[in-house]
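One chain, chain A, appears in both complexes that follow, with chain B as partner in the first and chain C in the second.
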Partner chain A sequence: MTARLLFTGGLTVLWLMLWGSVTPLAVVGGVLVATLAMVAFPFPTMTWDVTFRPWPFVVLTARFFADVLRASVQVAWLAVRPARPPRSAIVEVQLQTRSELVMTQIAEMISLVPGSLLVETDPDTGRLWLHVLDGHDEEAVAHAHRMAAEQERRVLRAFATDADLAENGHPEEAA
Partner chain B sequence: MLPLLTLHFLAAAVAPVLVRYLHRGTFPVLALVPAGGFVWLLVHGRPDGTDLEHHSWIGTLGLDVSLALDPLRWTLSLLVTGIGALVLVYCTSYFRAGDPGLWRFSAVFVAFAGAMLGLVLSDNLLLLYVFWELTTVLSYLLVGHNPERSANRRAAMTALLVTTFGGLAMLVGFILLGEHAGTYSAAALVADPPASGPLVTVAIMLVLVGAVSKSALVPFHFWLPGAMAAPTPVSAYLHAAAMVKAGIFLVALLAPAYADTPGWRAVLVSLGLLTMMVGGLRALRQYDAKLLLAYGTVSQLGFLMTLVGLGTRSAALAGLALVLGHALFKATLFMVVGVVDRSTGTRDIRQLSGLHRRMPVLMVVAVIGAASMAGVPPLLGFLSKEAAFAAAEDLGHDLGWTVAGPLTLAGLTLGSILTVAYAARFVWGVFGPAPGVDPCSIKRPSYWLVAAPAVLAVASVVLGLLGGPLTELLAPHADVFPAGAHEPELTLWHGVTVPLMLSVLVLVLGVALFVARHPVAAVQHAVVDRVPMPDAERGYQLVLRGVDRLAIELTGRTQRGSLPFYLGSILVVVAAVPGTALLLAWEPTDVRVADSPAQVVVAVVMAIAAVMTVRSRRRLRAVLLAGITGYGTALLFDLHGAPDLALTQVLVETFVLVTFVLVLRRLPQHFSTRPFTLSRWVRVAIGVMSGVLVAGLAYVASGARVADPISDGFAKPAKEYGGGSNIVNVTLVDIRAWDTLGELSVLVVAATGIASLIFLITDRATLPTTRKPGHDSAWLRNPSLPPERRSIVFEVVTRLIFHAVIVFSVYLALVGHELPGGGFAGGLVAGLALMLRYLAGGRRELDAAAPIDAGVVLGVGLALAAASGLLPTLLGGGVLQSAIVDVHIPVLGTLHLVTSVFFDLGVYLVVVGLALDVLRSLGGGIDKDIETDHDDAQDDEREEVRP
Partner chain C sequence: MIDVVAAVLLVTGSLMSLTAAIGLVRFPDVLTRMHAATKPQTVGLLLILAGIAAHFHTLPVIAMVSLVAVFQLVTAPVAAHMVARNAYRAGMHDSRQLTVDELADG
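Showing the complex of A and B:
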């Protein structure tokens, strides 16, 4: 129920942002359209196994943008440097979490960073397969593994429930 | 007069409902309508001049609802309503209880009566044409009442084709005449005819083609005997008062002003007399009593057309009297046949025997009818025939026909002799003994069944005795013609004159012909068998078969089922015809190469993508490369300052791209294995040619503008009247909303085509509701993809953004009036949202997301757009006029509403419906296909394993 309210609120905010003005009429209209959309196209109810921690979220975001910047430069260099592009690799990553939502979050963020792309997921075993642009040696592959693991840790800190954290061997994070 | 017509069509509209409750009892209720008209006409009395009633309808076409009542129309209206009412009463007992077709029949019949009445009352020639073709279409339905028999279907089709052919010729004649004279009013055209000349002659001849075909004259006579496949009440009405009388009416209406048109009399009199002979001779050879009467009608129509076509005062009076007489006796006789048919189960005069003892009352009725037809005194038929002979005798004086006059008289006499002979054949055949056949056993008919013809027979007698008053009643119609040698008069006793002697001669020779029927029949057969006769019906069938054949050959040669061939021929024609025009109009124009470097870059990328598309061997790559040209176009739009177009182009391109990929699943990965055969080069050449052509057209067109673009003036009214600052959108939903409505209809048709042609999804309403156990997913409603194709990321993202996309689509639809967007873009975005659901979860997920028939969405959308267009007319505005309304809502503020937003929401729904149809057929349909193939393959494997 809370999730549904949150969703409606989010859609209303989206509506207000689209119209670019906050008037009583626009708010009522937004709530109306959001409710209508959710009633007309229902999804099954489910438990949202996530939470939200502000500080880790700031860390996650900041680091993400930094990664994007750094990787953009690297990939741009790989593209323009006067040499053959390096050999790419498919890397299998074992995640700790089994939460599909968190897994999606991690996969999306890895994909958004240039140079690495999600190829396949196996939610049952919690594995991801990534395509890494620069995978020419052991070190590059190890780097990809590290990057993925760190990304997961940051996402878990920002979003995973206490139970999920405890289960995945980060009890120290579960405050 | 208008309420009278309206009442007929209202009655037709409620008839099916009445049938549900009253069954056969509907007919007497329906009969009240024409009966009311009959009474109204009687009370109104015969008009002395022309009463006009005018309602404007489509002024720009000259098509107005203008009705007229004059002596001719009054007489015919009485027939149409009176006989119509009697036939409806007759229907009550004629049809069997529980006949499943009654609901349709009753409605069509009353509508037919209304159309005939409208035809007779129309003053405006275009309105007359409308009713004329209404009778054609409705008679088609009546003749084909029992469509299970192929003979009925064929007869109905023949009647439809022949009379429509004539009707179209007549329409051309009407338009020639009306445009030449500047009016479509029959009254004005008769009172003040345009000066004669070749144009008027051609127009009149075309009108006569219509009249002659409708009234079944040679060479169009064959449709009428075929049309007796209709139920007998229909035949009675069709032959007596309706349909075939339309041509007679039209000729009688125009004769006062146009009888002197060159060719008028020659055509009508010669065809009339010929038809009278042909019909009479054919009638003498029939054994089916109804067919005998039908050929009798053909003969009588020839007689009638001769009289009304002559255009003299005495002939006009005789013609009108004969119209009356013929209506009464022919309706009587057909109804008698119907009674006999219902009582004995046959109409074959070789099997009908001894009915004179079993059905004496009916026989008296039949004898009166047949005697009136034969012209036996003191019946109405005798009066009119005498008058006809008198009129023909005066032709030498009235028209100066020294040779043609006596010939006409001789022709009429000969035709009348045949009439007497087949009248006798009818009565003797139906009621007399048949050699070697035992008297028929009969089922006693209901009194009502006999009452209707009896009433008409009595009318024949009474009117026959009232020659004087009848003359006075009908004379005003004839008085518009110049006076002839004698003042015409309908009377039983003229004194011993030529007409009387001829009448006696006709009766004697006619009876003699009947008595000597066996030798006569032998001679007829001998002649028909040996002498090749021109046969109009065979000619008609040859033409029809020829057209069919041509169509098949043409289809076989051109429609070979090869898409490249179709596309190629279209493009070659485009290159040949507009291409030639382009070369002729070629003129160097000043053009800027580009407005900005970005345009050049985009254009180069698009060109490279296009060339690579043609060169690629993988289908998927070709599709993606083609997509680049699409997105490039969108970019060009945007660079040129058209964000609306760019937005729509991007959305369409995306939708098409995904659709393409969905279809590609069923095609081989690669194009043909022989990449550069000759045919491929030909295709490349055609493609290059088309591209060059379009570029050339754009080049020349850019320099061809001489006037200021109309859109220059759009900006101000778009804001002031349209209430929006997005001119593109206001143009679509307001300024040219008619066009948009038309395009919407096309879209609905296209969507229906996609749904029904590709996978025959005719029943779009039943969707699978059962949840097929696949795998558990908490994210979607009913995901049905196999586990190996499932993507958890896709599912989660779909779940998270689906509603946001829907909200965005609604925003786009609503904001369109002010900013880029609109119903079309909004609908596409909603369609893409649904596509997301389909791609993430498969076809069952799509059905769960939108558990609704796409047809319903399309229909509601179109209805909403149409209703938003019609609503303003109820409020006193024009069609599709929009209004700007500010709704004050307490507390919240003012809602600025432009009513055309409802039109845009209609567009939105239609596009969503189209998207659903595309996804269900090209997506879900192909999925199902693949699954079936897969299952089959597995079955095959199992089969192989088993032994």
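Showing the complex of A and C:
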């Protein structure tokens, strides 16, 4: 129930941002539309197995924006440089977590950071397949593996439950 | 001063989006093109949005461009994943382009 109220509130704020003004009419309209949306499109039942940690979240966000910028410059350079683009690779990544929310988060972020794009997932075994733009040699492929593992660790530190962290061999983080 | 910042952001963002377009044309197959369609395109848009926010710097405009930025960041990877997955499953990728394919081997 609290979650539904929270979502309705969030959707109302979104509505007000779209209108760009806070008038009584916009607020009433926003609450109505938000309620309607919540009734018409109920969330699928899923376990909300997330613990939020502020400082690791800041680290995750800062690193993410730096990575996105770096990724864009890299892809932009590969696009405009005279030589042909490098050969690429599809690599398999085994994630530690089984939390679907955390997995989604990791998958989304991986698609925007240097070199990788999500091709296929298997939520049951926690595996992702990534397309690596520059996968011309073994070192580049190994680098993609390391990068995915680091990305997962940052997301886990920011969001995973203590139990999930402890299970995945980072008990020092779970305090 | 603020207009100089806005101008620099707008021009840099446009150039970034231009490289995304060049990548779409020059990259060899669907999977590689998706890289161009997500990364420089997203950053290009974010820079342009930042430029707009810097130029107008009023609350309604900032609220609106923040929404556009958030939704772009959330939806671009999902869209790219959907296209990439379907292209791979339909065999529309160029497998000679790949040095390793652990999805085919697994």
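Following the convention adopted for this analysis, the second predicted complex is superposed on the first by the 165 of 175 C-alpha atoms of A that agree within 3 Å, B and C clash if a C-alpha of one lies under 4 Å from a C-alpha of the other, contacts with A are read in each partner's own complex, and residues count from 1 in each chain.
Here is the rule we go by: a contact is a pair of C-beta atoms (placed from the backbone, for glycine too) under 8 Å apart; a residue touches a chain by one contact, two chains touch by 3 or more.
Please read all numbers here as calculations on a predicted model, not as lab measurements.
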Touching partner for A:Val59 - first (chain B), second (chain C), both, neither: neither
Touched partner set for A:Leu14, first chain B, second chain C, both or neither: both
Partner chain in contact with A:Thr23 - chain B first, chain C second, else both or neither: first
More chain A residues in contact [chain B versus chain C]: C
First, second, both or neither for A:Val31, with chain B first and chain C second: neither
A:Ile90 touches, of chain B and chain C: first, second, both or neither? second
First, second, both or neither for A:Ala107, with chain B first and chain C second: both
Chain B versus chain C as contact partner of A:Ala149, first or second or both or neither: neither
Contacts of A:Ala71 with chain B and chain C, given as first, second, both or neither: second
Contact residues of chain A, present in both the chain B and the chain C interface: 14, 18, 107-108, 118
Parts of chain A lying in touch with chain C, wherever the complex brings them together: 14, 16-18, 20-21, 68-69, 71-76, 78-80, 84-85, 87-92, 107-109, 111-112, 117-120, 129, 131, 133, 135-137, 141
Sites on chain B touched by chain A in the complex: 778-781, 791-793, 795-797, 799, 802-804, 806-808, 810-811, 815, 849-850, 889, 891-895
Touching residues on chain A, where the partner in the complex is chain B: 7, 10-11, 14-15, 18-19, 23-25, 28, 33-34, 37-38, 40-44, 46, 100-101, 103-104, 107-108, 118, 121, 123
Contact set on chain C toward chain A in their complex: 16, 19-20, 22-23, 26-28, 31-32, 34-36, 38-40, 42-44, 59-61, 63-64, 66-67, 73-74, 76-78, 80-81, 84-85, 88, 97-104, 106
